[in-house]
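Here chain A shows up in two complexes: once beside chain B, once beside chain C.
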Partner chain A sequence: MAKTPAPIVCCSPKCGKETDSTLKCPICAKDDVSNIFCSQTCFRTAWDEHKAIHKAENGADSYDPFPNYEYSGKLRAVYPLTARRAIPKHIKRPDYADHGKPLSEIKNDRTNKIPVLTAKEIAGIRKTAKVAREVLDVAAAAIKPGITTDELDAIVHKATINRNGYPSPLNYYNFPKSVCTSVNEIICHGIPDARPLEDGDIINLDVTVFYLGFHADMNETYYVGDKAKANQEVVNLVETTRECLDLAIATVKPGLLFRNLGEVIEEHATKNGCSVVRTYVGHGVNQFFHCQPNIPHYAKNKAIGIAKPGMVFTIEPMVCAGSYRDIRWPDNWTAATVDGLWSAQFEHMLLVTEDGVEVLSARNEKSPGGAIPRIA
Partner chain B sequence: KVPITIISGYLGSGKSTLLDHIALRNSNTGKKFAIIVNEFGNSSLIEKSKSFKITAGTESYDEWLDLGNGCLCCSVKDTGVAAIENLLSQEKKFDYVLLETSGVADPGPIANMFWLDDGLKSNVYIDGVVVVVDAKNILDCLSDTDGQWHRSNKHIGEEAEPVDDDGVSMAHVQISFADVILLNKIDLLETEPDYDIKLETIKTHLRKLNGLAQIHETRFGELDNLDKILNLNAFTQAKLPKEIARTHHDERIATISFQFNRIPAAKVPQIEACLQHLLWEHPDLDGSGKEWEIYRTKGLVIVEGEEDTWKIIQGVRGTYDIMEGANLEAESDGKSVVVFIGKHLS
Partner chain C sequence: MASTHKTKALEKWLTANSLWNTELMELRPSPIGGIGVFAKQDLDPELEEQVLLLRIPKRNILSARNSCIANLFYENSIGGIHGLILAFIYEKALGEKSPWFDYIDSIMYRNDDGSLLQPVGCWSKTDKALLANTQIDMLNILDSSELEQVFTESVTFAKAVADTIAIPRELNVNTTSSTEEENRARFNEFAAVVQAITSRAFEIDSYHEIALVPGACLFNHASPSSDNGDGAEHVHFVCDAGCCTKCGEQECDHDESDEDFDVEMEDDGFEDISKEVSGQEDDGVEDVSGEEDSEDGWESDEELGSDEELGSGEELESDEELEPMTEITLEHITKLEEKLKQDIEDEKEETGSDREEEDSLDYEISPELEEIFSMDASECCDIVLEFPALAGDELYNTYGSLPNSLLVQRYGFIIDNNPADYVSLSVQVLKYIKKQSAVRKRVKFWETIGYDLLNEMIRQEKKKHDHEHDGTCDDGCGEEEEPYEEEWELEPRILANGEPSDTTYALAHLMVMPEAKFAKLAKTKPANMPLALAKLLSKEVKAYQLVLDWVKEKYAKYPDNGITGAQYTALYEQAKESRKRVITGILKSEKLALEAAEQYLTSKL
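Take a look at the complex of A and B:
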C-alpha cells in the first residue's frame, strides 16, 4: 500500500500553510534544495529571513551578512544560517509555530491580569520545567572551543523533540532557531550561526520548551575553555550576574511587590562595578511564553503586581561590564552592548508558594557549569 | 529631558488645525517642536500604524519614524517610544514633542508608554494629555448610548464597537484622561441662540466627567497662549482644584475625590497598600458586582513631621507612582486629597 507523501508546506515562516504550489526558491534550487513558497507574495515577504540560509555569493564557506554595519564589539554574524529544523508531526505545537504570531498571547496581553495556576497546572508546568532543565544541561555539556552556536542549536532542537517537546523560540515572531545563543557582548536573543566558540568566550544558552501545554524558560551563562575562567573581569561579571539572580530569588514570597525586585539586582550589580540592562524584563510564563507580570531588573520602576501563591514568572537579569545601553543588529533580534563590552545573564523560572518560592528551573548535581570563585 | 504632550480627540475636532497653527507660530518663537502626526486615519495608534510623519521646527521636512518590526516580546519599551527617543538623541535638538493620536485612540495606554520609569533614564517624559473636542456636537456625542451618532458620523474604525455595554464611548475615555480640554469650534456655537447657557451646559457636563481638567475655549484650533497646553507637568505635580464637582449617583464616568487631613509618616505605606488593592485587585466594594474601572488617579498627601512634607500620587489605570513633592502648602490648603476618574466609581 503506497504511503501518502507528506503534504508540502509553504517555506515562509510567516505562512506555513499547506500548498500544492511548485514555486521554488531559484537560489536554493541551484544546490538541489527544494524550498517551496505558496505565492510570489509569500516569497517576497519571507525573503529577508529566507536569504539567511543562502551561501555566500562569492562561493566562500561563510560570510558576514552585515559588512557595512558598525558592530560595537569584536563579534560578527557568521552566515549562512542552517535551514529551519523540522518538527515531527506528533509533537504539540504552540499557536505561532506555523506563521510566527502568538495570537493567543497577543489577545491575552489586553487583559493585564496576572495568571494564578491551579494545583493541576502547577503539576504540569513542573514537568515542563524539568524537561527544559534536561535540555539545557545536555546542550551545556557540549560547550567547548570549536563548536559552533548552530551545532548547539541542533543539540537543543534534537533533545527537545526527543522529549516530545517543542522548542518555544522556533518561529516565535519568526525567530529562526530553537535556542538563543548569546556570546560575549551579546546581551540576549543571539541567533545560532556558523561561528565556532573560542577559548575565553562566555556564552548564554536560553532554552524554552513547550510541553504539556506549558512553556518553561531558563538560561545560564557558561565559560568556554579555561581562558575565560582565568580572566578576572570576566569572572567578576559572570559571578555578579549569577549572584544578582540568587539575591532576587531570595526575596520572592507572597506579598512581594514586583517593582522591588529591581532594587536588589541593581544594588548588587553596582556594588561590583557592573550595570543592569533596562530594555528587557522578566515575565510571567505558563500557557503563554510571555505574559504578565513584567519584571524590570532595574531600581525605581512602576511594575504592577504583588506576588501570590500560584504565580509563575522568570527573573532574568542581564548585567554588563560597561554601559547598560543596548543596540540591535540588523537581523532585528541580536541585542548587543552599545560599547562592545561583555554582558552576562542568568534566568530562573519561579513558582510562588504559600510561604516562599520554588525554583522550577533549579539545577541538579549533574548540571554543567555553576559558580566559581572570583579571582583575587 | 524633552517633554511630550499627547494631543487626542475625534476626527474632525480640530487636532490637525491646532497642530498646524503651532507649527506656524513656532517659526517665530525659536522653540523647536517635533510634531508627530498620525497618518493612518481612524485605526488604533498602537496596533496599526507602522510609521509616523514628522513636521519639525522651522523646516518643513518630513520624516518617517522607523518603528521596526522586530518582536520586543520581553522588552519593556514600546517601539514608538524607542523611535522617538532616537529622534531626540540626534543633532536636531528639539525642545518639545507633540504627538497626535488617531481619532478613536485611547490616550491612556499611550500616556502610560511615555510615563517611563526613572530607572530607564530616558530623554523624554510625558508632560500631559490634551483632548480637543468639537463644541458643536460634543453633547450629542456623549449621549450617544447606542452608537448611532458615532456610526453616522463615521467615527469608528472597522472592527470597533463605538460604544460599550454601558454606553461609554471613546470620547468619554479621552475626556477622562485629559489634563486640558480644548473646546474647539466655539465660533460655530456662538451663532446659536442661548449660546451662554449651551456653553455652560457643556462645561458642566465635561467637569462632571473629569473634575481635574482645565477647559479652554478655542476657535479654528487657535490657542492664544501655548502655555495653556505645554509644560503642564501633569504627571509630576498634582494641581488639584479646591472644589470638585459632585456627581450624580448614576453617572457612568465620574470624578470622585477623597479629602483627609495630614497623616503621620507611618501611615503612608497603608495608603499605598490601599491604592494597590484598589488598582490591582478590583475589589467589589459595594457588593453589586458591577465592573468599575479607574482611568486616572491624582493625589496630594500631606505627611506630618517637624516640617510637613508632601507626597504626590499619580496613576494611569493600574500603573501608579508615589513621589516626593515640593513645598505645596499654598496649593493644598492643609488638606490631603486623592482623586479618581473612572467608570462606575460612584
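Take a look at the complex of A and C:
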C-alpha cells in the first residue's frame, strides 16, 4: 500500500501553512532540495531569510552574507545556515512554531499582571527547568575549538527533542535556530552558523526548552580552549558577569522591588571596569516564553512590580568590557557591542519562595563550565 | 498652585529624566506663592527651537501603571485616581530609594503659613460654616465622606498586601493600639497627600489614566486666554491620549480583532498542556498573562511593532495585484533582490539623516537622555509654548476655565475676579417652582424640550458670532464648545459680571408669561420651536423681577448678617492666612456678583 506523503507546507517561516503550490525555490531545486512557497507574497516576504540556506554563488564552502556591513569587531557571520531542523510530530509545539507570532503571549501582554504559579504548576516548571539544564550541559560539554555554532545547535536540538521538548527559540518571531550562540563581541541572540570556534573565544549558549506546557530559559558563557582562560581581561569580564548574576540572585525574596536588581548588577560591573547592556532585560518565564516582570540590569531603572512567592523570572545580565551600547547585525537578530569589545552573559531562572529564592536552573556537580579564579 | 521647594534637586531630577529646557526657563519663587517657571529670554512659539519646553517619557511619569507595586494594583483591581494616590504614597514611603525621590521630596503639604494643605472637606467645622450657602457648599465640596471612603479602602489595601510590602505611615491605622487622635492625624496626612495629588495630576491616556508629570505641574495656572483675551496663559500640556488600553503602546497587536486571537488561541494547545500539569480545567492560559516591554530579552520595539515583517506584507502587493506566477525563475529572484537592496538603501538614507543629527551633539549625554531623544512624541508628555512671553515673565499653563469653587476643590486656590465664576440660584428656583403649582406644565416643557433646544441655539449663535469676529477657525473649534449643565435644575445662575445666564433669564420669563402665551408656545411645531424659544430672551419686566427675587433670597441666605461684597473685599485684602483668603475670596466674589445682579436687574425694571 502506498504511503501517504507528508503534507507539503509553505517554507516561509511566517506562514507554515499546507500548500499545493508549484512555486519552488529554483536555487534549492538545483541541489535537489524542495522548498515551496505557497504564494508570491510568501516568496517575496520570506526570501531574505530563506536565501540564508543557499550556498555561495561562487561555489565556496562559506561566505559572509553582509559583505558591505561595517562589523564592529572581528567576528563575521559565516553562511550558509543549515535548513530549519524538523520537530517530530509527537512533540507539543508552542503557538508560534508555524508562523512565528507568539499570539497568546502578545494577547496577554503588558497588563501589569505578574503570573503567580500554583504548587502544581511549580512542580511542572521545575521539571522543565531540569530538562533545559540537561540540554545546556550536553551542548556545553561539546564546546571546543573547531566545532561550529551550527553543530552546537544540532546538539541542542537533538537533546531537546530526545527529551520530548520543543526548542523554544525555533521560529519565535522567526528566529531560525534552536539556540542562541553569542560569541565574543556578540551580546546576545547570535544565530548559529558555520563559523568554527577558535581557541581563545568565549561563547554564550542560551537554551530555552518548552516542555509540559512551560518554557525554561537559562544561559551561560563558556571559555573556548585554554587561551581564553589565560586572558586576564576576558576572565575578568566573564567572572564579573557571573558574580553580577549571583549577587542579584542573593537579593531575591518576597517583597523585592524588581527595579532594585539593576543597582546590584551595575555596581559590581562598574567596580570591575565593565558596563551593563540596557537594551535587553530579564523577564517572566512560565507558560509564556517572555512576560512580566521585566528585569532591567542597569541601575536607576523604573521597572514595575514586586516579588511574591510563586513568581518565576530570569535575571540575565549582559556585561561588556567596553561600551554598553549595542548594535544589530543585518540579520535583525545578532546584537553586538558597538565598539567590538567583548561581552558576556549569564542567566538563571528563579522561583520566588516563601522566604527567598530557588534557582530552578541551578548547575549540578557535572555541569561543564563554572567559575575560575581571576588572573592577578 | 504648584507649591514646590527643594528646587535644585528637582531641576537635577528633571535634567536627568526628561528634556527640560534650562536655556529657556528657570524655576524660582512665584509672586503668587510657591514656585513658578520663568522665561529666561524672550520666547516666541513661532521659533521651532523654542516650542518644546519639556518632554518627559510616559515611562518616567508617576502613575499607578509605572508603580513598583503595579502588579498588586492589578491583583486588587485598583486604578484611576485611587491607584495614583496609592502609587504616590508607596513611592513616598521608599524615601531616597524611589526613582522619583527628588520629585516627591519637592512637593509641599503645607501652605507658606504652615497650615496643612487640605481638601476643604477636611477643614474645621468653624471654617466650613463660613462657607455655608456658597458654591462650595452647593456642590457638596464641604463633605468629606468620599475622601474617608478612599482612605478606608486604602488602609484595607495596605493591610491586604502587608506581607509583601510594609504599610506606609499614612495608611498605618491601628484601631487597637493607636488613639483616635493618632488615627485622625493619619487621615489628615492622607488628605493632604490627596490634595497634593489632585492639584497636580494630569490626564494622560487610557493606559495610564491620570498621573503626576514631574515638571509639567510647575507651571502655575492662569485663566484661559479665550476667557479674558489677554493671553494670560503661555503653555499647553500635550499628550497623545490615543493608545492601547492594554499596553499603552500606540502600535501594538492588542487592537487586532479579538476574534482572530480567540480562534488562534483555541488551537494553541495551552489549555491541554496546563491540564496535563495541573489537572485542573481552570488553570488555562487565561490565567497566565503578563506584560512584555519593548526591552524584553528578545524583542525590541521595532520587532514587536512592525506588522509588515510578520504579517502579509503591507508594503508589498498581495498576490491578486501581482502578475500571476506559476514558477519562480531566476529573473524573479534578481528583480526581488534589487528591490530589497533598494529598500535597504532607502532606509539608510532615512536613518542616515537622523544619525547626522545625533552626531551633531558634541557633548556627552546620559543613556537616559539619549533614549528620550530617540523617542516618538506619542510616548511622551510635552509642555509646549503656545503664546509668546518676555524674558522674566512667569510662564503660565491653564487648567481650564474653572469657577473658584472647582479651583478650590482641585487645586486649593482661587482666582481674584475669576471670569468663570458664578453663583447658583438652583435652590431658589426649585423652591419657587414647588410653591407655584400653576407652573408645573411649564417646568415639564422646559425639562423635556425648552432647555436643551435653547441651549443648542444659543451655542450655535455664539459660534457664528465668534467666527465672524475671528475669521480663523481651527479644526478643533467644534470641540471647544463650552459644555453646558446637562440638568436644567443645576443651571440657574448669576454670572461673574452680575447678569443672569441666558437660560436662567429664559426660565424666569417662561414662568411669568401669561397662560395663553405659554399654551401657544407649547403647541408650536417643532420646526418653529427654536424661534419661539428665542422670544424667551426678549425683555420682560416680570422676568427681571422674578430673577431679582431669587437673587435677593439667595443673598439673604448667607449666615453672615449681611456682610457686603465691599466689606469682604477689605477682609480679603487683609487676610494673610491662605485658608482665610480662600474663604473671604469666595464670599467676596459671590457677594459682588449678587450685588451687581441686583443693580443690573433693578435697572431693567
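Simple rule for what comes next: the second predicted complex is superposed on the first by the 373 of 376 C-alpha atoms of A that agree within 3 Å, B and C clash if a C-alpha of one lies under 4 Å from a C-alpha of the other, contacts with A are read in each partner's own complex, and residues count from 1 in each chain.
To be clear about the criterion, a residue touches a chain if its C-beta (ideal position, glycine included) is under 8 Å from a C-beta of that chain, and two chains touch if they have at least 3 such contacts.
All figures in this text were calculated on a predicted structure; none of them were measured in a lab.
J.: Using the superposition on chain A, tell me whether chain B and chain C clash or fit.
T.: On the shared chain A, the partners clash.
J.: Using the superposition described at the top, determine whether chain B or chain C touches more residues of chain A.
T.: For chain A, the partner with the higher number of touched residues is C.
J.: Can A:L212 be said to touch chain B (first), chain C (second), both, or neither?
T.: After superposition on chain A, A:L212 lies in contact with chain C alone.
J.: A:R93 in the overlay: touching chain B, chain C, both, or neither? Say first, second, both or neither.
T.: The second partner, chain C, only.
J.: Could you tell me if A:R44 is touching chain B, chain C, both of them or neither one (first, second, both, neither)?
T.: second
J.: Quick one: classify A:Y280 as touching chain B (first), chain C (second), both or neither.
T.: A:Y280 sits against chain B and chain C alike.
J.: Touch check for A:G262: first (chain B), second (chain C), both, or neither?
T.: A:G262: touches chain B, not chain C.
J.: Which partner does A:G310 contact after superposing on A: first (chain B), second (chain C), both, neither?
T.: Neither partner.
J.: For the superposed three-chain model, which listed region of chain C (129-137, 327-335 or 381-389) is the one that clashes with chain B?
T.: Only 381-389 shows clashing C-alpha atoms.
J.: Show which residues of chain A both chain B and chain C reach, each in its own complex.
T.: Shared contact residues on chain A: 112, 172-174, 257, 278-283, 289-290, 294, 296, 298, 300-302, 304-306, 316, 328, 332.
J.: Would you pull the chain C residues touching chain A in the complex into a rising list?
T.: Per the touch definition, chain C meets chain A at residues 59-60, 65-75, 94, 97, 99, 163-165, 246-249, 252-254, 261, 264-265, 268-270, 273-274, 276-280, 283, 285, 287-293, 295-300, 303-304, 310-313, 316, 318-319, 322, 325-330, 332-333, 336, 340, 367-368, 371.
J.: What residues of chain A sit close enough to touch chain B in their complex?
T.: 112, 172-175, 257, 262, 266, 278-283, 289-290, 294, 296, 298-302, 304-306, 316, 328, 332-333
J.: Residues of chain A touching chain C in their complex?
T.: Touching chain C: residues 14, 22-27, 37, 39-41, 43-45, 47-48, 92-95, 99-101, 103-115, 118, 120-121, 123-124, 172-174, 188-189, 212-214, 217, 254-255, 257-260, 278-284, 286-294, 296, 298, 300-308, 314, 316, 324, 328, 332 of chain A.
J.: Considering the complex alone, what residue numbers of chain B touch chain A?
T.: Listed in rising order, the residues are 68-71, 73-77, 115, 117-121, 276, 279-280, 317-321.
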